[in-house]
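Order of writing sets the chain letters: A, B, C and D. Residues in each chain are counted from 1.
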Amino acid sequence: MSTAQHRANASKASRPRVGVAGVGQIPFRTRYPEHTFQELAFEVARAALRDAGITTDDVQGAVYGIYSDLLMRQQSSDSLVHDYLGLRGKPALRISAGASTGAFAARAAYAEIASGLSDVVLLLGVQKSGDLINPENQHRGEGTMMSESITHDVNWQHPVTPFPPAAWGLSLNAHMERYGTPTVEQLAKAALKNHRNARLNPYAQLKLDLTLEDILNSRIIAWPTTMYECCGFAECAAAMVLVSERVAGRMAKRPVWIAGVGTSVEAVLQDGDGENYGRVPAIRRSGEAAYTMAGVTKPREELDVAEVHDIFSGLEIMAYEELGLCAPGEGGRLVDEGVTERTGPLPVNPSGGRIACGHIAGVSEIFSLCEVTRQLREEAGERQVAIRRGRGLVSTVGGQSANIAAALVLERDA
Amino acid sequence: MSTAQHRANASKASRPRVGVAGVGQIPFRTRYPEHTFQELAFEVARAALRDAGITTDDVQGAVYGIYSDLLMRQQSSDSLVHDYLGLRGKPALRISAGASTGAFAARAAYAEIASGLSDVVLLLGVQKSGDLINPENQHRGEGTMMSESITHDVNWQHPVTPFPPAAWGLSLNAHMERYGTPTVEQLAKAALKNHRNARLNPYAQLKLDLTLEDILNSRIIAWPTTMYECCGFAECAAAMVLVSERVAGRMAKRPVWIAGVGTSVEAVLQDGDGENYGRVPAIRRSGEAAYTMAGVTKPREELDVAEVHDIFSGLEIMAYEELGLCAPGEGGRLVDEGVTERTGPLPVNPSGGRIACGHIAGVSEIFSLCEVTRQLREEAGERQVAIRRGRGLVSTVGGQSANIAAALVLERDA
Amino acid sequence: MTTRGGYLEAEDAIVNHYVYSHGGLSPFFRALKERGQLTGTRCAECDTVWCPPRTHCSRCYGETQWTDLSHEGTVRAATYCYYVPSNYKLHEYQEMPYVLALVQPDGASTCLYNIVHVPKVVVGAVPAGMRVRAVFRERREGRLTDFYYVPLES
Amino acid sequence: MTTRGGYLEAEDAIVNHYVYSHGGLSPFFRALKERGQLTGTRCAECDTVWCPPRTHCSRCYGETQWTDLSHEGTVRAATYCYYVPSNYKLHEYQEMPYVLALVQPDGASTCLYNIVHVPKVVVGAVPAGMRVRAVFRERREGRLTDFYYVPLES
């Protein structure tokens, strides 16, 4: 056993367990012009508290996943949200970590509880994005993309790199050169799966009735990624109530436990050697850390469901490989074999994923945690997957070049 | 005993202790044009690692206190720093909490270790601020102030509120109306103390030889605060190595322990009743939480030193009261009696404080933790205070209206 | 730290344009702009009157309803602003120095930040407890600065 | 969620101007601008050659020294960008579609993001392993876009 595993097992025994006691979601939408960010946050906080059967009096503190001040048109927006939720005076913590923001916030909330500092923490992600505009043509998406573009290294990427599907697409292209996969058809199939899943999800932004041809024939964003294989910007909020084991019994529902959590912040992809081309080491490392902590050794067999960050569909396929659902280069085959279909042996993105269900950094990571919680509770309605082992995975990735990643393993008691 | 105290005591017994094993600082300067933010971070990280007697191989993860993306001209700058420090692939977490950012990051780093997730964490704050400019008059400070101004609630404060000494000054004016203190002389005396202390500190930005008259006669910013009673903007970085108790013995120096940590995020001051006018409830609550956790009941007797956030000198005096160093309304008298002088019974801001030593959100909070660590180690050179009980306090405050606060109690073993 | 010779500077700008929505607060800003009227929201459960308004009550999570508010109010705190950086929009409609205050509109449970115009800005001119009334500008944009306060007797 | 009638929109802009310093990286951008020369830093301890340059070595914390780099290099990865929002500065000096690549300058341990100009942008035009050379623009500003790559044989 490695030192890391040994430590993980040793501390697993003594460490207090942290559970999900409540979830609160609203649908992703291109824009919620009828609500401020405080109002969006209120809606999901109220839902999560109700789901847990508690009130704000029971909440000892909050952790907020809010990526961008500029999209909010407000710095320190977390304190305004905290007050609006009726939590004034209590601890709050705001995390920012690209499109892994909400998952990094989940790690911080986990630590807040496992350390003994708190027993009941509200974890909440909220993000506006549709208030931006390109004044030259009144295009909101262009205003948002320009605002977000300074996530790229301003000196070394930004001048030549439009946005993630281009910067991150370097890895996908390298993967295709290195392994011969995924094919453009496999990329479209993975997207089609997610678009179909979204049609069953009341929280999904897009409910398009697409064919494989529609996806293949849609506009190319950055080759090989087409428009329907790529997420857009949305506004949304999502919340969870996290609790320590000793208060979990007082909640309205049986908890789903956070069995493992791993994060990894990698360098911007500029390596000279070829080892990391076509790979996403941050996803791999975060997954390994979460699996070690949770005691997962054969994820393909031990997981019932996974939500991964399909910022574009090639990234979902590469994530299969990094997360050990298959060997490197085999991700495309998983799609062809239907393994990750909603009714397959290991459904991935039954929510519809970022491509179809919706995406905005800070929220979609917590949204995914809510989705896996609902799946493990078997409360997912039409999109429910089969729960056999009682374990699910959330994997997220963001940053300058898919270099900021997190993974969480959730599990229910037998 | 209150439930909170009971819980604090109960968990104190079982909770693993977290210690400061290394500190790394550079002086605050108006601008470091010869260094990028990565280079500033490198300098203090290297110093902190050397102080702890370890290398990057020993570091398991990092927590970054970085308040403003706009001052950095870069979103997700923490991942660029993480790579530059040679920590690529390991966990990192970026916290943003106004001028309490670094202290909130310290809480997150504490939790990361106390939860058992990590044993050795680098805590680092870094912030550029002097790259901004007002293009109309080439004034850099005005560019920085405008950039930071969206910390104020954009709808409800920003249109009428220039910057913190105005918004937060409402509390100070209310305090003066309510208690008749502090007088303008007491405000100047507190500032003079800090300016004098800074002259002994090699890390201080300002080393001005001021008289009480100089301070009283300097330009009024927002009444009653004068220019020399108010901090400016600086660039800086500061770092610490935090460790679990079980690895603390492997470090080069004996640890200084984090005995208590409390945070509080209050509402923007808009209460209808008068209770909170002239008070700073976030400082009070954060202090109470830290004291409870550390078992401090008589802070005036039990602390040897405190670093508090004198964003303007009135705030230092109000902090005395909120932190229980004296009764409400008695803060000015503490100044008159010399209690908080460097050679007094409870020195406050021996570093020179934010007014004279320097300030930038994200860094100065970690800088204060470094200062108290050095004081408790009795390594503070000319500015060393007398250590009797082996305990020190750091209190920070920021946000829209002094509504985001943290307090940490540090202590050395007897 | 060592300086490696001179450093190179370059210009840049980060510009974000917005056409943002006031969301659930739209009725407040619309009433300011269109009616020159101050409004708030009253919680149906606990009677808190929010101004700044909230679509739900932060105290009890009850629903709120819109209500017109009095244009008279009471100063709870004030400060005297002498220095404002030259690039603040505030200079367009306000001479320095000026008085920044927290004013509780009559009937509201909360306060608003706003400016109190006094004939001569001297320290103490706007004490806590002072009664004030709102004056609405001719040209209103749906912003907090569409009005300011003046002492009630003036 | 319920919508309470129509919503009010307002305009705003958040504008930040910079005259920023390249700090310890100044020699790189100065060499680009003034000499049309690509430079990097070599670690005195472990021989890593950093480009993007670093004043200290992230691998071993050793000191680094500036060195001129070859203008030839090898493509490690490329992607074909078809869509770029209309408000990107990139449009000023680059037609769409274009090839974005990671190029490892000869002698460097790392890669640079930059554009590879090819006569006709077709998928596969810039494979990994392709040899390229830097072409410097006449008008240089001390930015990454002061140069681009072209296939070595061209």
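Note that in this section a contact is a pair of C-beta atoms (placed from the backbone, for glycine too) under 8 Å apart; a residue touches a chain by one contact, two chains touch by 3 or more.
If you're wondering where the values come from, they're calculated on a predicted model, not measured in any experiment.
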Chain separated most widely from chain A, comparing mean CA positions: C
Where chain C and chain D are represented by their mean Cα positions, the distance between them in whole Å: 45
Separation of mean Cα positions, chain D and chain B [Å, integer]: 38
Averaged-CA centre spacing for the pair chain D and chain A, given as whole angstrom: 29
Of all residues in chain B, the ones touching two or more other chains: 33-35, 70, 73, 83, 88, 134, 143, 146, 150, 154
Sequence positions of chain D contacting 2 or more other chains: 4, 7, 9, 12, 14, 16-26, 55, 143
Touch-based graph of the chains, sorted into line, ring, star, complete or other: complete
Touching residues on chain C, where the partner in the complex is chain D: 4-24, 26-27, 29-30, 33, 55, 141-143
Partner chain D, residues of chain A touching it in the complex: 26, 33-35, 43, 70, 73, 134, 136-137, 139, 141-143, 145-146, 149, 155-157, 159-163, 166-167, 169-174, 177, 219-224, 269-272, 274, 277-278
Partner chain D, residues of chain B touching it in the complex: 31-36, 38-39, 42, 46, 55-56, 70, 73, 83-86, 88, 131-135, 138, 143, 146-147, 150, 154
Residue ranges of chain C in contact with chain A within the complex: 12, 14, 16-26, 54-56, 58-59, 61
Chain B-touching residues of chain C, taken from the complex the two chains share: 1, 3-4, 7, 9, 12, 14, 22, 25, 52, 76-90, 100-102, 104, 108-115, 123, 127-128, 143-145
